[in-house]
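Structures are listed in the sections that come next.
Look for chain A in each of the two complexes below; its partner is chain B in the first and chain C in the second.
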Partner chain A sequence: MIYGKIVRSPYPHAKVVSIDLSAAEKAPGVKATLAYMKAGDEVHYQGDPVAAVAADTEERARDAARLIRVRYEALPQVSSEAQGMQLIGPRWSTTQPNTRAGQRAETGDLDAGFKQAAHIVEQTYSTHIITHVCLETHGAVCEWDGDKLTAWVSTQGVHQCAQGYAQALGIPQTNVRVITQYMGGGFGSKFAPDSQGIICAKLAKAAGVPVKLMLDRKEEHLDTGNRPSAFAKIKAGVSSDGKLTAFDGTSWGTGGAGASSGFPLPYLYQFPNRKRVHTDVYINAGQQRAMRAPGHPQGCFLTEILMDELADRVKMDPVEFRIKNAPPLAPNAQWVKYFAEGAKRFGWDKRHATGDPTPGPIKTGMGVSAHLWGGAGRGSTAHVDIMSDGSVVVKCGTQDLGTGTRTLVAIVAAETFGLPVSGVKPEIGDTLYPFSGGSGGSTTAASVTPAIRVTSLNALDALFAKVAPTLGVTPDQLAAEGGRIFVKGNSSKGLSWKDACKLIGTEPISVDGKWEDGLSSSGTSGVQFAEVEVDIETGIVRIKRILAMQDCGLIVDKLTAESQAYGGVVAAINFALFEDRILDRVTGQMVNPNMEWYLLAGMSDIPKIDIVLNNMPERGVIGIGEPPTVSTASAIANAVRNATGATIRSLPLHPHKVLAAIEQERAGGTN
Partner chain B sequence: MKAFAYVNPTSEKEAVAALKTDGIAMVIGGGQDLLSRMKDYIDSPDRVVNVKGLDATVTATSDGGVKIGSAVKIVDLAEHAAVMSLYPSVAAAAIEVGTPQIRNQGTVGGNINQRPRCWYFRNEEFVCYKKGGSRCFAVNGENQYHAIFGNDGPSHIVHPSSLAVPFVAYGAKFRVLGPNGEREIAAADYFTMPTLANVLKENVLDDEDILTHVILPAPGNVKHGHYEVRYKQSHDWPLAFTTVVLVMNGVNGTSGANGTSGSTIRSARVVLGAVAPVPWRSRPAEDALAGKALNEATAALAGEAAISEAKPMSGNAYKIQIAKTAVKRAVMRAAGIKTV
Partner chain C sequence: MVQITLTVNAEPVDAAFAPYKTLLEVLREDLNLCGTKHGCELGECGACAVLLDGQPVLSCLVLGVDCGGRTVTTVEGLASDGRLHPLQETFADLGAAQCGYCTPGFLVTAKALLDEHPRPTRDQIRDALSGNLCRCTGYQQIYEAVEAAIGQAGPKGPALRDTRTDASSVRRPGPFGPGTDQSR
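Showing the complex of A and B:
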């Protein structure tokens, strides 16, 4: 195996004048080179792939990559949303406009809504751009056997990835096998082979040996996706008795070079009269990709800060105000219940009104916020083999991005067969296994576990058919539990699992099955509470505790479900306080493409997190990967507002913003 | 990174000799700074000279101070009994460095001599003054973590060393060995404000010099306070920090009522970190403290005085408030008053 390295544009916007591979071809250990772009092509962001090299060691590949001489003609770049929206000035592309009309929706009568309002808040809110920061970077190992490709990829969708390889390389999809046994994190950016996957395959073909190409941290920040920014100028009205009456929002944001930036707005709460107009702004920076609950953290923040401002206008408690304006209680809409229960658990009654009155520099505050998500299942397929020695293998072409999918596959099959989890061998993460979709939209648990349940039941029926004659009963009289097959109501009349399987004979039980409606559903709700401490002499925010109230239908495995909620909250703490993709305003190049200045929480920055999962078995399985990360940042920002009395309407909550907001509040108010 | 020769000298003299080369030779201690720069192609030395084998001990000096070998690990400095009792602000600064892994790998010499953490310096794309270029990108760019003092240019970095600040505050001397023998330099004179002539370096070390020891004088009748403000609590560079060393009138100033000290401050050393291209000694703060009773009101005055010379850049005025707070709280700590 040899190693690949990509040469990327240092310019955010340029025309490629020439690519000279000759020096790299002669460098020590080099086995293959390729030009990914050609003279005349336009690069649209720093990190746009231009060429590549493969060499016998990673170090030699890196050194050789620097010998590839690319000449560029630099073009003016767009480095911010504000710059992109200017009518005159730099363009992100020589052929496409800087902006495009996005989402647009209108309901009710806006004028009438504002007439009903006793108070109106009119403000601009925004969230920033963060990158996925998967600890295992994007990349692959590609190996060819003639015109057949095997690719070991860090991917959230093995089948989807195989399709991508086939299309990009012009080979039948049946010639592509993608394997992902384990992966070190996927948050929405890892569905396709991407440029690095295709380059890896092409280098392997050219070199005639397998190539490993994993991106480094800088490449991750520049070219593997991000959460788009979101801005909205919002005018909203509330009646004197605390009912929302109207919402008029003009929003914009950037998904980078040519990618969209939509998000839901207003979020969750019931504005009977509302209008929203969105504009996508393009800038010369890496393209956005789906990132853990795409759009929701943005829409949630923009709406939830506004909600606290409106609550203050009508002098209502934020929880009471939200209960009054949230959708009514339903299986997929538990907010009003979580607001009330959560407030009790959190000690919300000890919350002071906006602005901590206690003396001294440390101010404490509480905040609340709510979110929703889908998480529905869809057509996964599976296969089960039961051997005559009693061993069981369950195969499903899904993948485990670290969420515990492999564990769920084993748990569901084992419970169906009445075996310990160790009695089932779960095999996933390979396109040789039956089709299952990509792990996005929190759909995996709700797609895979019903397929495993149905397929396991099919297999058990086949086993019962083999065993029933020996026990002198019909198959429908049998049950499987505690490692035994026995007659229902007469548990001593039966066989151990092993003895029962001996009756299978030489041809194993080998059955297929697929996802069926009724074992899963869609629609989750969650509410989160945050308590913070703000040092008003330094602007430093410290989070004291978080409470997350969350449902996900039937909880298949408490440990992995809670783990998703913990992970979501931690990621959202980073979004709230630390992470920020910072582009140099003059050159358009990223100044913090690392983990030194791209800040991520460490142990001491993470507070006590309480997760309260509401088990709803009657609803079947629903995904939980995304929802817990949606509302944390808004709850934290509202807690900072409650502590300081100053409103910060943009993320992250950097000390410079906290100090400026406090200063502004002292000078006459942030309201 | 570029291939390099590795030299493992067994004595100070061998180390100095190994630095003499036609190419570029660089000293490696814990390596956490140098290796990152090499991997990022910020520096590409032909020869790397390991100094981890040199003196890694803390020893008592005849005048009641201590002598610290450059190869002493930061964790060992933080946990050294004599350092903790005589120079608690050195121990406090040491324990705030990075993470346990970084403190276990990093050396005293490496901490003092590490290159700036400026994000323009650390990214290959930006050919700034410190990489032989002709501009400081921070001036018109992203300068939220850059200097608020000593901003006459040409470079606007903040000095990255956590240990340098208390060393300057305690009046340490640095022992340097070069081809022409050894010399001792006051810590305050070791670090250099940038000029066009010396902007490629942050201190007086010549290419063939090594820093071998830090010598701390006996502290005398002093009170000490150290306060660091970080954005993150784990693994982050400080936004501002301060060491104050107060020489007190009388013997061990007895405590008065209301947490105030019974004795007055004779003289003060106030040094700020992460705010200027060098550890920044604040004369106005020192003047504000001299002759005053040691209490919270005096601490607040010192904080105000410290920022009187601040000249922020376009995006870092917020650091002035943080620096003011750091000075105030460091003085409060010296007075034994609870800060937050």
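Showing the complex of A and C:
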């Protein structure tokens, strides 16, 4: 195996004048070189891949990469949304405009809505860009056998990845095998082979040996996705009795170089009359990718800060105000219940009105916020083999991102067979296994577990058919539990699993099955509460407690479900307080492409987190990977507002912004 | 090429490698011990933590040549006689890992903590592990896992418990079936 290295554009915007590979080709240990772009092409962000090389060691690959001579003609770049929206000034591309009309929706009668309003709030809110920062970087190992490719990829979708390879390389998808036994996190950034995966495959083909190409941390920040920014200028009305009447929002945001930035707005609450117009702004920075509940944390923040401002206008408690304006109670809409229950659990009655009256620099406050998500299941397929020695293997072409998919597969099959979890061997993460979709949209649990259940039941039926004659009953009279197959209602009449399987004979039971409707559903709701301490002299926010009320249908495995919620909350604490992709305004370079100045929460930044999962078995399985990460940041920001009396309308809540907001509030506020 | 002799996971090994290689690279590439991960190679994430003479170090910041005659413990060296270290047990049982990429670094660093302070306080756990980043879990389970291992670990700890012969004793299953009880 040899190592690949990509040469990337140092410029955020430039024209490639020439690419000279000759010096690199002659460098020691070099086995293949590749021009990914050609003279005349345009690079659109710092880190845009231009060329690549493979050599026998990583160091030699790096050395050779430095010998690849690329000449650029630098072009003016767009480094911020504001710059991109200027009518004159730099363009992100020489061929495409800086902005494009995005989402647009209008319902009801806006003028009438504002006429009904007793109070109107008009403000601009925004969220920033963060990157995924999977602890394992993106990358692959590619090996060719003739025109057949095997790729070991750190991916969230083995089948999706195989499709991507086939398309990009012009080979049949049946010639591609993608394997992902384990991987170190994806969060929405690892679905396709991406440039690094395709480059890896091409280098391997050219070199005639397997190539490993893993990105480093800087490449990871620059070229593997991010959560787009979101801005909205909002005018909203509320009636004197606390009913939302109208919402008029003009929003924009950037997903980087040519990528969109949509998000739901207004979020969740019922504005009977509303209008929203969105504009995608393009800038010279890496493209966005789906990031854990794409769009929702943004839409949630922009709406939830506004909600607290409106509640203050009508002098209503934020919880009471939200209950009044949330959608009515339904299986997939439990907000009303969670607001009330959560407030009780959290001790919301101890919350003071906006602005902690306690003397001294440390101010305490509480905030609340709500969210929704889909999490539906869809077609997944599986295969089960039961051998005559009693061993069971369950195969499904899904993958485990760390969310516990492998565990779920084993649990569902084991329970169906009445075996301990150790009695079932789950095999996933390989395109040789039956098709299952990419792990995105919190769809995996709801897609995979029904397929495993159905397939396991099919296999069990086949086993019952073999066992029934020996027990002198019909197959439908049999049950499997506690490691035994027995006659229902007469558990002593039966066989151990092992003895039962001996009746299978030489040909193992080998059945397929697929996802069926009815075992999963869609739509989750959640409410989160936060308590913070703000030092108004330093601007530092410390989170004391978070309470997350969440449903996800039937809980298949409490441990992994809760872990998703804990992890989601911490990811959102990062979004609220720490992470921030910072581009230099003048050069367009990312100034913190590392894990030091790109701040990340560690063990010492974590509050007490309480997760309350509402088990709703009657709804079937619903995914939970994304929803818990949506509303935490808004609850924190509202808690900071409650503590300080100052409204910070943009994330992240870095100390300088907290101090500036407090200053502004002292100077008379922004209202 | 330089050649050194060192002790890795209680076994003496000879290693020959290019002089600029970090301990992380030597472990993964020359000694085939891929349990130790690289997350940044800049000393920022803790994924590469190993024990050098019993002390946690970031192996991406240590040169291999500096390790001659020294003792290295990686995650591969935590289990003994086919039995997991108590920390490995509690990390698995309490859900202190999701993708697991950060886990080797957390495990060896926590082991060093328990070796030195058999009964650490929450603050000591926090300080010891504050250089290890995890992007998946909520850290809370990591605190709980380390605390649960207290009293079971230690340099010559008591016999390890064996709870994982039947995973269902840990994770209560119950999807779709009758009598589903999800309470723990």
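Just so we're on the same page, the second predicted complex is superposed on the first by the 670 of 671 C-alpha atoms of A that agree within 3 Å, B and C clash if a C-alpha of one lies under 4 Å from a C-alpha of the other, contacts with A are read in each partner's own complex, and residues count from 1 in each chain.
Keep this in mind: a residue touches a chain if its C-beta (ideal position, glycine included) is under 8 Å from a C-beta of that chain, and two chains touch if they have at least 3 such contacts.
Values in this document were obtained by computation on a predicted structure and should not be read as measured data.
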First (chain B), second (chain C), both or neither touched by A:T560: second
First, second, both or neither for A:P469, with chain B first and chain C second: neither
Which superposed partner A:V591 touches (first chain B, second chain C, both, neither): first
Touched partner set for A:G89, first chain B, second chain C, both or neither: neither
Contacts of A:S604 with chain B and chain C, given as first, second, both or neither: both
More chain A residues in contact [chain B versus chain C]: C
First (chain B), second (chain C), both or neither touched by A:T407: second
Touching partner for A:P97 - first (chain B), second (chain C), both, neither: neither
Touched partner set for A:G482, first chain B, second chain C, both or neither: neither
First, second, both or neither for A:S422, with chain B first and chain C second: second
On chain A, the residue positions that both chain B and chain C contact, one per complex: 59, 594, 596, 601-604
Footprint of chain A on chain C - complex, ascending: 18, 20, 37, 39-42, 44-45, 47, 94-95, 97-102, 125-127, 129-143, 165-168, 170-177, 180, 182-184
Interface residues, chain B side, partner chain A - complex: 1-2, 41, 99, 117, 119-120, 122-123, 125-126, 137, 140-142, 144-145, 229-236, 239, 315-316, 318, 321-322, 324-325, 328, 340
Contact footprint of chain C on chain A as seen in their complex: 57, 59, 133-137, 182-185, 187, 216-217, 401-404, 407, 410-412, 414-416, 420-422, 449, 453, 519, 554-560, 562-563, 565-571, 594-596, 600-604, 606, 609, 615, 617, 621
List of chain A residues in touch with chain B within their complex: 10, 46, 59, 62-63, 66, 360-362, 535, 537-540, 542, 577-578, 582, 584-587, 589-594, 596-597, 599, 601-605, 654-656, 659-660
